[in-house]
Structure formats: structure tokens, C-alpha cells
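Below, each structure is written out as C-alpha cells.
Two complexes, one shared chain (chain A), two partners (chain B, chain C).
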Partner chain A sequence: MKNKLLILPSIFFAIILSIFFYLLITERNPSEIPSNLLNKNVPFFEAESLFKNEKFISSQELKNEIILVNFFATWCKPCRDEHVYIKRFSNKKGIKVIGINYKDNSKKTIEWLKNLGNPYSDVLIDKNGRIAIDWGVYGIPETFIVNSSGIIKYRHVGPITNKIYKKINLIINENE
Partner chain B sequence: MTTYLGNFLLSLSLFFAISQFFVSKKNKFKFITITVNGLLISSLLSFGLLMYSHIISDFSILNVFQNSHTTKPLFYKISGVWGNHEGSMLLWILVLTIFNYFIFKLYNKYNSVFIAKTLEIQAFITTGFILFTILTSNPFQRMFPEQANGLGFNPILQDPALAIHPPLLYIGYVGFSAAFSISVATLTLNNNEKVPWYNYMKPFVLAAWTFLTIGIALGAVWAYYELGWGGWWFWDPVENASFMPWLLGTALLHSLIIVEKRKSLQAWVLLLAILAFLLSVIGTFLVRSGILTSVHTFALDPSRGIYILAFTALLGGYSLVLFGKKSKKYFNTNYFALFSREGSILINNILMTIICATVFLGTIYPLLIEAFTNNKISVGEPYFNSTAVPIMLPAILVMGVGPILAWSKEEKSKIFKKILPSVLLTGIMSVLIFSIYQSYSFIGIAGIILAFWIISNNIILLFKKNKNFSSGMLIAHLGIGFLILGITGSSIWQEEKITRLQIDTSTQINKYNIVFKEINEVKGPNYVALKGNFTVYDEKKNIITKLEPENRYYPITNSFTTEASIHTNLARDLYLVLGEGNLNKGWVVKIYYNPLVIWIWIGALIIFIGGIVSINNNLRKIKILS
Partner chain C sequence: MKMNNTNSLILTRILIISLAFFIIQFFLNVSYTVEPDEILKNQEHELRARNISRNIRCMICQNQSIDESNAPLAKDLRILIRNKIKAGNNDKEIYKFLTDRYGDFILLKPPFNLNTLGLWFLPFIFLILGIYIVFYHNKKSG
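What follows is the complex of A and B.
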């Protein structure tokens, strides 16, 4: 009996290490926060557009095609870093890129987009952060993929990196 | 040039470590001497070289470029050497080789087989860490093209407590490596070889535990002064990673005494020594692999994680299987009474192990859940406070009683006479303190009374100068008493206030009136700051102090830090943090009234002193042994 008990420490140890190993090799991001909105309809909202004179109504616009929704602000440095990737998405066929300008100055935003290039087919103004609250935005920048039936398929917190860019492309292809 | 020299020195260390492994196997004293000294010198040189590169801001080295800047004060240029992953690995190796050297110093003709075996294991561990450093975390990588200036250093790490926190912590972690090697060497001994391995293990465990204690305490000091969250312990995974080896270390330390006196519990102690070091390495793994998020997260690199994990598997697999096979011969059945000093140590052991298991479960539970269900949860303070803390209370109670009991068996009739003075002293101090703070909760009353119980016990025993008690133990226990006093006071009587203040308005906390006088822009060596100016009055309108919290901006790293302003006396801290704001709307101000915090730091320091006294006494024992 006693002899058998003595191998218990090594067994426990082996189990714990295997779990660590599994977590290490699986693709995971410890700072990724799962969204309750995943696989649900996009929250309804109305917003002013930065360039267009008509009101944007989410239930009318966010359907019939795959849409990438990107929360950004000119005061946020990582937003500038990910801008190249947003531009790449806007050149891609079969996807519409919409920007939501979070708690920002509209004049500065127009200037910013002029300098860096405007990848967005529409930029919506979220002056007081209300839309961001409805979307459960955790921090700027944040990116969502909405499929053609208006269902959120993916959410990424933080700037888009090369790795995330590839991942989003996969998701877009899956939903096409 | 430096990169070549650095890489050469690292390879040299690797060479000596591998050689030490083989010559220790053959137990060739002459060669062991060469390799141990060679290893120590080459590690010292490579560490010194990296430090020199940081001091002269040699930006041809990637590590210096990424972590330093010419405007950084010299003190932080030096501490910056271990303030990053690669440099800290170099420090880890240096500490390993220093302990390696101390083990080697124990070598004599009576214990040569045993010490050589220990050195062999130690060489294996060292080789693993040097390889890890060279393969995945080389601090001597070249920066090309050479830059005029560096990226700067995370300003939140520019703090004196944090500058010396990692080295002390590493002495703690690595000290357990010596206990580990001694344990493994003991398990491999043949039946006919009798070595007082516990006498050799004890000073290393004492050193590890003592430095781990002060290292953890300094981490808490840093969190308290620098983070501006008003607290000093957050049950962060990385804090837990250092706390778990500490708990096992505490158990190990105390059960070693039983082994010395009674030759009981030998197998248990051997297992504890193995687990304490494995937990230290797993702690490193959790921090460096990026598998958990915490305030300590270093740059993520999965290859590092895999390497450390593989190495841990090797160390743990070998030692634990060896334990399973060989520990039988260390089962002795020298029974002792539960109501005795040994008995109390045994209870302490069980409690420490349970607390450690509880903390371990809480730390890895989110990982388990994620591995099996894909959900994310986080385990925080409420879990630890409602599981670990209640088990600590009986542990503290036992600690208050244990040392006054006699060895083998205590006569119950004598005990009351023994404890009478401490009972009186405890009663007086507790009544006094509760008349000041006038707040009663079960945990509070229990914590305060236990703290005073331990303090009065140990003070009385220290004054008696009884030869039956080790002075180091009494001092360390006294420190624990103060520590508990501070922890209890600051957790149960803390008051917190968050408010928006405009200039020339005031707010109230506890009996203090705090007036916001002015706010100014100031310039530091490598930052600019907004500095608030607050005057604190007591109820009689006397000025108590001026508080000057700062919000600093470091342009080089583009980051902000808050510098809390704290007024400390023996009874309480007033802790003030400046938040966001502007001249029109006023500033958000967070104020904490933290009773008795200073006793936490005093307690930790006294424990440290007690530990050092004990190390000294135990080294003397070893000298007599040879």
C-alpha cells in the first residue's frame, strides 16, 4: 500500500505538466477576452456618419455582406499601428470595412484619415462611447467580423498584427 | 566585440557546467575544484560584462538597446540588467553557480561521495539553465545597425525596492535548488552510506527561505508604493508563484528540525525539498511562458515556455520517480506525542501544505477550466481570502503554542504556568489596540490577539535567554507576529475614499481633513510630472503633513506612472493617489487610511534578521560536523 502511494507525486506532476503543455501548444492568447456577443446579432444602433449626411441605422446596413467593424481613435497609438492591416482589408473583395470613431474630435479624425489614407467605406461617430458600450468594447482598438446575416463571428481586442490579420482572413473565407 | 566576448563567456560557463557533471560523477576532487571555480568565474564575468554594457549604454547589444536609455539614472542602469528576461536569466545562473560553490565548500573526505553526487545534480540544473539562456534568451545578441539611443526602461520598474527584489527572490528560488540536489543525492545513496544530509540541507533551506521572505516583502513594498492601488498583495499568479515555494519552504524548514531531533519524517522532508524547487521552476515557467497574464508578464515567446516545461519535466520526472523507488528506506517509525514541540511542527507542516495546495489550485484553476471547457474565468482575492486565510489562523495559533512546548511530551499541568506571562501581556496589548481602533470582526479579533500572543511569547523568551530556544527562531517568530499584526490591521481597518477635488476644497477620511492646495508641473531626470499639493490636518486643525502625489509621464517609453504620496507612522499610513482631472472640473483623488502597514515591513525585516542569525548558527553546526 505504502509503496503505491509513493508514486502519487510523480503522477500528479505528470498530469499538471501535460495540461501546461497542452495550453502551451494550443493557439491561445491569454489576453483574449471572449465576447458574449459571439454568434449573436449585432446590437442595434443609430449614428451620425463622419462623411455622409444621412443617419446610419445598423439594422439596415449591417447585412447582406461580410462587414469588418473597427473601433478606433486618433489618440490611440496602436490604432495607427494596425492601420496598414485595415487598409489591406479595404482592398479585399467581398468585405465592407466600417470604422467607429470612439470618443474623438471629428476634425482631427478627418485630418488623420487624410494623412494615413481612409480604408473605411463609412466612419461613424461615437462621441460619448455609447455604441462601444453596447458592443462590449474593452479597449481601443477593437475589431469585429459580422457575417452576411448580421451575426458577430469574431472579435479581437487590441491592434491587428500579422498573425491576427491571417486569422481574420481565414474567418472571412469561412463565412463567404 | 562585447557580443563575442559575452557569448564566449556563456559557452565557457556551459563547458564548465557540463564538465562538472561528468567529473562529479567520477568524484575526481581536483577536476571538481577546477570546474566549480571555472563555472563561478565565467558566470561572474559574463554577468559583469552585461552590467558594464548597461552602465556605459553600449547600444550595439540588443538587450541594452531594448531596455536602457542614456538618460536613465545609474542606479537603474544597473538594476536594469536583471529588470528584463534575458538579463535576469544571467543573474539566475550566477546565483546558481554561487550556491554550487557553497555546496562544493562542504566537500571533505567523509562526505565526498555524497557532496560529489549533489554537485552532479547541481551541475545538471545549471547546464539546463545555461542552455536555456543561450538557446532562447541570449542577452548578448547584437543590435544591428547600432543605435544612438535605447528604447528606455519601463518606468514602473524604476523603484529602489524593485531594483533589489529580483536578486533576493532568486537567492530564494535557487537556494531550493541546493535542497533539491541534496535530496536527490540522498535518495541515490546506498544503504550502507550514512550521511547527516539534513544538517547539510538546513542552511540552504534557511537561506532560501530567508531571502525568499525578504524578496517577497520587497515585491509587496513595490506594489504598495508604485502601483497606487492602496494594497500590497493582490493574489496575482506571480505573487502566488513565489508564495507557494515559501509555504513549502516553511514546512520544510520546520520538519528538518524534527529530522534532526528524532530522525522521523525523513521521506517527507526529501519530498518537500524536491517539490519546493519544482514549484520555483514552475513559477518561472508560468511567468516566462506567457501562459498566465499578470503584472509580471515578460515578452511572450512560446519556445521559451516549451523549453522550461521540458526541463521541468526532466527534473521532476527523474526526482519524483527516484523518490517513488528509493524513499522507502527513509521511513522511520519514531513516534512522538502530538502535544509536544514535534507534534506542533507536524501540524504546522500539514497546514502549510494544505495552504500551498489551496493556493496552487486557485492559481491554475483558470488554466484547468480553459483546457477542458474553453471558458475563461479568473480566480481572485475572494477565493484566496475565504480559503487560504482561515487555514492560516490555526497555523498561527499552533505557531504561538508550539515553541513553548517541551520536546517529546509536554506535561499538561506545567503548561499553564509557562504561558501565564504571555497571556497577561497579550490581554493588555489587545485591549489597548481595540480601544484605539474600535472595530470588531471575528477575523480581526482573532488575527490581532494571535499576533500579540506570538509577539509577547517571543519577547518574553528572548529576554529569558533560555538555551533551549534558538535565538534565530525566536527573532523570526517575533517578526511573524509583527507581520500578522500589520496584515490584520491593514486589511480589516482600511478606509478608502475616492472623490473629485477642486483646488482649495477639502475632504475627510478617518479623523483627518485633507485640503487640496495646488497642482504644478515639475520636471524629473527622465520624466515630466503633475504634482499635487495636499495638506493634512487632524481634528484639532494641526498640520500633520503635506502630501505630494505625482502623475509622471515618461516620454521615452511613452508611458504614465502614478506616484502615491504616503505619510507613515507606527499607527497608520495615509496614502494619496492623484487621478485624472483638469482645472475646471477638479481632479479625482483616491485616499486610503491604512492602519499598521509599517509593521508588515518591520516584521519582514525582523524575520530576515532572524533567518540570518539561524543560518549563521547552522553553519557553525556543520563546521563541528567536519
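What follows is the complex of A and C.
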């Protein structure tokens, strides 16, 4: 009887151990928080554009095509790292790339885009970070994929790497 | 003997003072980072803002409330909460505004709903299971 009782905790321990081991070997970022905006409409916002004179109104612009929304800043080093991938997206057909310039200096941003190339069809100014809060952004850079009905399908926190680039491409293809 | 008495008196005093210090520290919990320019003039509003801020997680540090964190986003959210209070929003509306954007994760205390059922009940289930095993085991071996 005593042996029987010892088996139960051992099984229990083995289960816990395998769960921990599974979580350890699967690739995931435990500090990454899933977006609450997934499968919801893009938040409504109005913003000044860096290069255009007209006001950007989200409900009018973020629809009818797949849009990649990228929060970036010139003071953010990972933004520079992922810039090459943003440029690749801008060359892709059937997708519009919009940049939201987070708490930045407009002059520096224009210079930065001149040096590195401007992949954005429009750059919006988020001077005090209020637009970012509406998108649930907590770490720059962040990238969102919005489908043609204006629904957010994907969010990535941190710089786009080769792996994430491939993943986003798959999501774009799925939503086409 | 006299020397001993003074010594023990000093020791007791030190003990009492340090104990008092720890108790005050514990209850005051003065480790907040609200900056002077953020504080609202209306004390009732400020108190409400502080209470909400204590329950809101700093998304950058993740284990601190925005009341304790000096991350820029925490500051932005503290100001936003105060602006919303000034605009006449109630606490429930402010919590909803934040959870709509950042999810339940932004609340330091997880809400009680279908998704968090396990989180709230599993500890009790394990406790009951543990008690059962201990008693069952004792009964058998006894």
C-alpha cells in the first residue's frame, strides 16, 4: 500500500518535470504579452503626417488593403536593425507600409530616413506616445499587420528578424 | 552589574527603534515615483489616481506597478489616468480603457473570469489534494 502511495507523487512529479522541460525547449518569449487588439478593429486615431500636409484619419486610411504598421524611432537601435526588413516589405506588392514615429524629433527622423531609405508610404507623428497607447504598444519597435477589412491580425514586439520576416510574409499571404 | 544594565538598556532601545522603523516602512510603503508635476491639486482625485496606479502593471518592468516604476510608459500612463480623472471618468471606465488596450495582463491582480478560473482555484484543489493524501497516508500507516 505504501508503494502505491509513492507512485502517485512520482507520476505527478514526472508530469510537472515534463511540462517544465517542454516549456524550456519550445521557442517562446515568456515576457512577450499577447496583444489584446488581435482580431479587433484598428484603434481610431488622427495624426499629423511627417511628409504630407493633410491629417491622417485611421478609419479612412487603414482599410481596403493589407497594411503593415511599424512603430519606430530614430533613438531606438533595434529600429535601425529591422529597417532592412521594413524596406523589403515596402517592395512587396499588395501591402502598404505605414510608420508611426514614436516620441521623436521630426528633423532627425527626416535625416534618418534620408540616410537609411524611406520604406514608409506615410510617416505619422506620435509626439507624446498617445497613439502608441491606443495600440497597446509597450516597447519600440512594434509591428502590426492589418488586413483589408481593418482588423489587426498580428503583432510583433521587438525588431523584425529573418525568422519573424518569414512569419509575417506567411500571415500576409494568408490574408491576401 | 550597573554596566550590564546600561548596555542592555541601549540594546533594547536600538531594537525598539529599528523595529519601529521597519513597521513604519512596511505600512507606509513610500516607494512611489510620482513626480511633483504629476500630482493633482484635488487631493481626492490624486488619491484615486494613486489607488488605480498601484493596481496597474508597468508593461516594461512587468513586476512593478506604474506607481513604483520610473519607465517612460509608466509615467505616460500615470498622467493619462490623472487626465481621465480630471475629465470626470470613473475608476471602472479607466480600468476598461487600459484593459481594452493592454489586456488583463496590465492588472496586477488578475480578474476572476473563465480564463483565470484555474489560476484562482488550482491552489485550493492542490491544498485539498495534499491534505487528503496526508490524512489518507496517516490513516493507513497508523
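Methods note: the second predicted complex is superposed on the first by the 169 of 176 C-alpha atoms of A that agree within 3 Å, B and C clash if a C-alpha of one lies under 4 Å from a C-alpha of the other, contacts with A are read in each partner's own complex, and residues count from 1 in each chain.
As a convention for this text, a residue touches a chain if its C-beta (ideal position, glycine included) is under 8 Å from a C-beta of that chain, and two chains touch if they have at least 3 such contacts.
Just so it is clear, the structure is predicted and the values come from calculations on it, not from any experiment.
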| item | value |
| --- | --- |
| Partner chain(s) touched by A:K166 [first = chain B, second = chain C, both, neither] | neither |
| Chain B versus chain C as contact partner of A:W135, first or second or both or neither | second |
| Contacts of A:N36 with chain B and chain C, given as first, second, both or neither | second |
| Touching partner for A:K93 - first (chain B), second (chain C), both, neither | neither |
| Chain B versus chain C as contact partner of A:K114, first or second or both or neither | neither |
| Chain A residues contacted in one complex by chain B, in the other by chain C | 2, 9, 31, 33-34 |
| Footprint of chain A on chain B - complex, ascending | 271, 274-275, 278, 282, 285, 289-293, 297, 302, 305-306, 309, 312-313, 316-317, 320-321, 323-325, 327-328, 331, 364, 367-368, 370-371, 375-376, 558 |
| Chain C-facing residues of chain A, complex | 1-2, 5, 8-9, 31, 33-37, 43, 103, 128-130, 133-136, 138-139 |
| Contact set on chain C toward chain A in their complex | 59-60, 62, 72-73, 76-77, 80, 99-103, 105, 133, 136-137, 140-141 |
| Chain A - residues contacting chain B, complex | 2-3, 6-7, 9-10, 13-14, 16-17, 19-25, 28, 30-31, 33-34, 77 |
